[in-house]
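Each of the two complexes below includes chain A, the first together with chain B, the second together with chain C.
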Partner chain A sequence: MAKNSGRRDFFRKTAALAGGAVAASAGAAPLPVPPSAQEPGRPIPEAMYGMPSKYEAHVARRRSDVLKNRQNWSDWSMTPLQHQPGIITPNGLVFERHHAGTPDIDPAKHRLAIHGLVKQPLAFAMDDLVRYPSVSRFHFHECSGNGLTDWLKPASSTVQQTHGLLSGVLWTGVPAATLLEEAGIDPRGKWVLFEGADASAHARSIPMEKVLDDALIVYAMNGERLRPENGYPVRAVIPGWEGNVSVKWLRRIKVSDQPWHLRSETARYTDPMPEGKWRQFSMVMECKSVITSPSGGQQLKGPGFYEITGLAWSGAGRIRAVDVSLDGGRNWREAMVEEPIMDKCLTRFKVGWTWDGAPAVLMSRAVDSTGYVQPAVQEIQKARAIAGFVQHHNGIQPWSVNAKGEVRNAIGQA
Partner chain B sequence: MGGSMTAKSASGIPLGSTGPHAVQPLPDKPRFGQPMSEADLAAWNIDIRTPDGRGLPAGRGSVAEGRKVYEAKCVACHGADAKGGPMYGTMVGGIGSFTTNTRVLTPGSMYPYAPILFDYIRRAMPMDRPQTLSADEVYAVSAYLLNLNGLVSADAVMDAARLAQVQMPNRNGFLLDDRPDTRAQRCMTSCK
Partner chain C sequence: MAKNSGRRDFFRKTAALAGGAVAASAGAAPLPVPPSAQEPGRPIPEAMYGMPSKYEAHVARRRSDVLKNRQNWSDWSMTPLQHQPGIITPNGLVFERHHAGTPDIDPAKHRLAIHGLVKQPLAFAMDDLVRYPSVSRFHFHECSGNGLTDWLKPASSTVQQTHGLLSGVLWTGVPAATLLEEAGIDPRGKWVLFEGADASAHARSIPMEKVLDDALIVYAMNGERLRPENGYPVRAVIPGWEGNVSVKWLRRIKVSDQPWHLRSETARYTDPMPEGKWRQFSMVMECKSVITSPSGGQQLKGPGFYEITGLAWSGAGRIRAVDVSLDGGRNWREAMVEEPIMDKCLTRFKVGWTWDGAPAVLMSRAVDSTGYVQPAVQEIQKARAIAGFVQHHNGIQPWSVNAKGEVRNAIGQA
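This part shows the complex of A and B:
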C-alpha cells in the first residue's frame, strides 16, 4: 500500500485542480472524477480477515463510562446501537460483560462435562460437539443491568450508554436437551447448573423446563466461531433471559433437584422490592423498545424529513406492535414493524416524521405476543423499589429534541 | 390488557414463550459423549447447594486464621477490615439498611445463606489466583467475614456443619419472580 501513495497523491492533486477550475459555476459544483476511479484499489491478499473502513473507526464497543468500574476484569462494554441498522450486531460490536476478564481457551484442550442427577456422566470435546445436528436461531441478548444508570433522571447521553448492553445474534449450536438426554436425565432432576471455565467460574441455576425447551450449547455466532469475549469455544444461550444466565466458556452442566442459590442469584441480579425485600430468579427479559435514531447526542440537520427507527424485543415472545409518540407520551401512532418478526429477537420499527423545527419528545412503546405493554418507569415504580443501580429496566425511553435539533436523554423529564 | 408470561416451571419460575421447535429427522442418534465417573470430575465439582450446605468439603478454619489469609491475599483489593479498598467497596455492615433509601449490599446484609461465602470465595477469589485456596483457608476467610459482620463470635471455627447453621439476617428477604408486575395500557390519544 505504501509504495502506491506517491502515485495516489499525484492523482489527488490533479483531480483537485480539475475540480477547482470549474467550481465557480452556479448551483452545485460539477462532480470531479474521484481518485478511487483513477487508480486501482487494494489488490486481494492471499488470506485476510476483513475489517470495516477506516472511516468507520468511531463505530466501536465502548467500556462502561457512566458507571465507571475501578478495574476492568469485572466490567462491561456496550454496543453502539445508534450506528446499527437492521437487527444483527456484528461480532466485533456485541456487548461484553465478564466477571474476571476474557480467558484464552484452547478448543483442543477444552471439555464440557455433564453430571449430577444423570444416568451416565459425560465429557464432550469440541470436535465432537460440532458433529451433532446443529440448530441456528436469531435471538436478542440483553444484560439484566441494561439501563441501570438511567431510571429517574438522565445520567447517560447516548443510546449506546442507556441501552448498549443489548445485541442481536444468530447463534449456532446443539440443543442442550440433546446432550442431557444422551447423559440420561434422572426424573428427580429439576434444576440445571451452568458453570464457566473462566476465572470467576460464573454459574447459574436454570429450571429444567427452560433448558429442555430452547437452551442451546453454542459454538458459533453470526456465521463464525464465537469470539473469545463472547465465550469461545463454547457457551450456553438461554434465549430471552437475562444475559448472565447464558454462561460463557461453558465447562460444566450439573443436574440437581433444587436450585443452588449462588451469589449470582441472591446478592446479584435480584431486584429491590418494597419493604426491604428482593425479587429472585427474575430471568425473563420483559418487552422493551428504544428509538435508536434520532437518539441522544445526535443533531438534526434542520426541519424536514426524518425516519424515526429503533429496536423492540421481548423475552416472552414476539413483538406484536410498536407505538411512537412525538409529544412525550400524550399521543401515539403505530409504527411499521419490519419483518422478520421472530421469537425473542430484536425487531426493527420505523415511522416517517417531518420535523417542523419545534421542540419534541420522542418515545417508543412495544407490545409483545402475550399482550404485555412496555411500561413507563412510573408504572414500574409502583411495583418495585427503584433505589440505586437497579436491574431489569424495561421502561419507556424518551429523547427530547430542542429547537436547535439537539437530541438529549429525557428519562424522568417527560 | 395486562398479559402473562405464559408458562411457569414446576418451581414457579416464569419461563417466557416456549416451543414447539422443528426437529430434524435422523437415521441414527449420534452419541459422542465420553463416559466419565463422578470421581474423575472431583476437581471441577465445586458447587455448593447453599441453603443446606450440600457439597461443602471437609476442613475447618477459625476467625483468627481467616484474618491472616485475608491480610495476605484479599486486603489489597478489599481494604483493611474488609471496609473497602482501591478496587471494591465494603464487605461489612448494611444489615438493616434495606428498608432505607440507601441499601448497602455486603455478604453480611445480603447473603441469605452463609455457605454462599464458601462457594463464591472458592470459585472466584482471590481475583488474581482463583481456585487456589485450600478448603481450610476458605472456611477461615468465611469465618473472618462473618465475624466482621457480627454474625459469629471472634473465637468461631467454621466447618461444613457449622457454616450451614449460621443464621443470616436476609434469610427470608427474597420473593420468587412474580412478574409481570405492571399493567400498562395501550392508550393512543390524550393519554396524560
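This part shows the complex of A and C:
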C-alpha cells in the first residue's frame, strides 16, 4: 500500500514531463470517423485459437544473431524482451533451448517412470498425473548461457540477443515430492535424475533436498498445456535454477545415492575458475537485472520524458530493490518495483527519466532477499575465469545513449 | 506462509488417496526407448511465434452452443475454462465480445482523443501513449452476460458455455488519471465517455470517480500488444466492472457533467427488477465462483481421488474464502485458495475429493473482502426479476455427478 501511494506521487510528478511527448500531436482534437468505424469488422469463427495482429509480426522469437549453428538440432531461440511489458511471457514467445530439436510426443502414449532407490517403481500416464493435487506458481526461467556472448565487449545489439534466454511463466503441475512420496523414497536416495524423451536424452542430477523443496512436474504453462518446444506433454521445473536442469519431455525420474556426472555435468554446464579449475553443479541463477527499455537498437525520439523499465530476478528468493544509474554507475537511484513481487519470479522495475539530449549510460543493479547484490563483470572476474563463452553471466548490463538518441550495448565499456 | 504449510499438509493427506488413480498403470517400470528419442525433432526456424501442440486442437474459444446469431457481426466467443489451470488465460483463448466484428486498425494511423470538459483537448498517437509511465495489473475480465442462458434450468452443457465469458489477464497501460490530468479536468466533469473505433461505435459512460481510481488505458495483455479481437491497438480497462464498459479500439474519451444514456445504457446492459422497473448503471461484477473441474461434460473414471478446482473473483475486491459443497449445499468445507490473491483478479481454489461412486452435487460459494457472500439463484430472485436472458448472473453453479461418473449442469435442480 505504501508502494502504491508512492507510485501515485510518481505519476503526479512525471505526468507533466511526459506532456512534452504529447505536445507535438496535441491541439483541439479533430475527430474524423476512422475507416474502421465505417464497415463491419472480422466475424468470429466457430472455434478459434487467436493470434497477434499482423502489425506485430516483428515481435517474434529469434535465433542467435551472434552464434550460428552449422546444424539445426542443438539450437535456441530468444524472447523479445524489448517488446514484453509486465512479468509474463506469452507462450508463443517463451525462449527455446534443445539439444536435438523438438520431439513430437503423443500424450496418450507417453509414460513418466519413477524408479531407482524407491520402494515401488511407478509409471504414470498423463491422465493419471493430472489427477494429483496441483499447484500453479509464477517463476522466471533462464538458460545458464544467457549473455554468454557479451562479457567483456559487445557482440549482440539488442536485449533479445543479450538477455532473451529468459522468460516469465505461470507453471502448473504436481510437486515432485508428491510423486516421489507415492513411490516411497529409500533413505539412501540423495540425488534424483531427470531424463527427457528427446533424441539427445538430455538428463541432469538434482539433489534430493531441492527436489523435495520446490521442484514441480509440470504439464501446463500460462493457462494451457505445455507448448511442444517447452516440453509437451510433461517436464520438470526446478525453480530458480539454470534452465537446462528443468528437463523437458520428461520420461523418467531415477533416485540414487550420488550424482550421475553426465556429459551435461562435466563437459557442459560447468564454469571455468582461476588456475584451470572448473566449477560443477553451479545451478542457482544468481540475482540479476536488465533494462529492457531503452535498450540496444532502440532510438530515442529526442529530449524529453522516457520511462526506464526492466526486469529483475533471483534464483535465491525475491527481489528486494533495484537501483538504476543514468551515468554509467557513478550515481544510483532506487527504482519503483511493481507488485506482485514473488519468489524466484520476474519482477518489473521502473523509473522516470527526462533525457536532456546529452550522452548517457543506463544500467540497473538488483538486490535480492538474501542481501546479495548483482555484481559488475569486473567483480565476477575477481572470482571466476572469464574467457570465451562462459555461462552464468549475471553482471550489470550498461546501455549507452548517444546525442542522436541511439541506444547501444556498452558491456565492457562503462 | 501459514497457507503454504497448510498446503503441504494437504498434499501429505491426499497423496495416498491419489495413489488409487495411479495403481492401474503402476508396477516395475518398463522403460523402452520411445520413438521421440530415436531421431532428431523439429529444428527452430529463424523467427517464430509459437503455437500449441496439434494434440491440443480441442482447446479453443467457441461461440455459444445455445444462442446462435443470424448474422455474424454482433457475436461472442468463450474461453475453455475447463482446460485452463491457474489464473491467467492465454491470449489465444481470451473470450471475445463485439457488436460489429473485429476492426483492422493500423496503429501508426490511430489517434486517441481526449475532449469535452477539459482545459486542453489532446490527441495521442500510439508512440506518444506508450511513453507515459505504465502499470501492469492482473485483473479478471467478465462479460455481464456471462451465464445468461442458465438461470433457472440447464441450457448449456460445459463450463465454457456457462461461464466462458470470463478470462484472467495481466493488463499493461497508462492510468486514465494520468492522461486526464494531462488534459486538465474541468471541475464540472463528473462522467467520462469511452468510445470505440469499431463500426458499432460502442460507447459507455463511466463515473469520474471510478476513472480516476483505477481505470487504465491499455495497449498490452499478458506480455504483448493487445490482440485484434481484444482491442488492438488501445482499449479501456475498468477493473472489476462488466466487460463491455472496458471499451475496445478506443478512439475518444470525453468528459461531461452527466452520463450519456446511450442505447448501451438504456435498451442494453440494464437489469429487470420487480414491478417492471429496470436497474441502470449496474456495472460492478459481484463476487462469484465456479468449479471448472469436474464440470459439465466431463467424465469421471470411476471412484477414487479427484482434485476439485475452480475460479473465484469479485469486482469489489479480493477473494477472502471459497467454500465447496459435495452434497448440493447441505454441507460446506473451506477450499484451499492459491496465492497470489490479488484485487479484482481470478483466484484459484482447490479441494481434494475421494469419490465413492455415489451420485453427488458439487458447488462452490465465494466470499470477498467486503464480506459479500456469493448467493444462490433463489436469493437473487428475491431482489431481481429473472425472466429471459438476464445479465449479472453471479449465482452458485451446481454440477451433478451420476453413478456413471457423468458430470452435468444442475442449475435450478440443486
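Before moving on, here are some points about what is shown:
Rule of thumb we're sticking to: the second predicted complex is superposed on the first by the 383 of 414 C-alpha atoms of A that agree within 3 Å, B and C clash if a C-alpha of one lies under 4 Å from a C-alpha of the other, contacts with A are read in each partner's own complex, and residues count from 1 in each chain.
Following the convention adopted for this analysis, contacts are C-beta pairs under 8 Å (C-beta built on N, C-alpha and C of every residue); 3 or more make two chains touch, one makes a residue touch a chain.
What you see is a predicted model, and the numbers here were worked out from it, not measured in a lab.
By the touch criterion stated above, A:His115 is placed in contact with chain B and with chain C alike. After overlaying the two complexes on the shared chain, residue contacts for A:Trp76 are found with chain C alone; chain B is out of touch. After overlaying the two complexes on the shared chain, residue contacts for A:Pro340 are found with chain C alone; chain B is out of touch. Look at A:Ala47: by the touch rule set out above, it reaches chain C but stays clear of chain B.
Once the two complexes are overlaid on the shared chain, A:Gln84 sits against chain C while remaining clear of chain B.
Of the two partner chains placed around the shared chain by superposition, chain B and chain C are both touched by A:Ala201. Residue overlap on chain A between its contacts with chain B in one complex and with chain C in the other: 73, 100, 113-115, 120-125, 128, 131-133, 135, 175, 182, 199, 201, 251-252. Touching chain B in their complex are the following residues of chain A: 70-71, 73-74, 99-100, 113-115, 120-125, 128-129, 131-133, 135, 175, 179, 182-183, 190-191, 193, 195, 199-203, 207-210, 213-214, 240-241, 251-252, 254, 256, 258-263, 266-267, 270, 272-273, 275-284, 286, 315-318, 321, 323, 329-333, 343-344, 365, 367-376, 379-380, 382-384, 387-388.
Of all the residues in chain B, the ones that touch chain A in their complex are 1-7, 9-11, 13-19, 21, 24, 26, 30-38, 41, 44-51, 77, 86-88, 98-99, 101-103, 105, 107, 110-113, 116, 119-120, 123-124, 127, 130-131, 170, 173-192.
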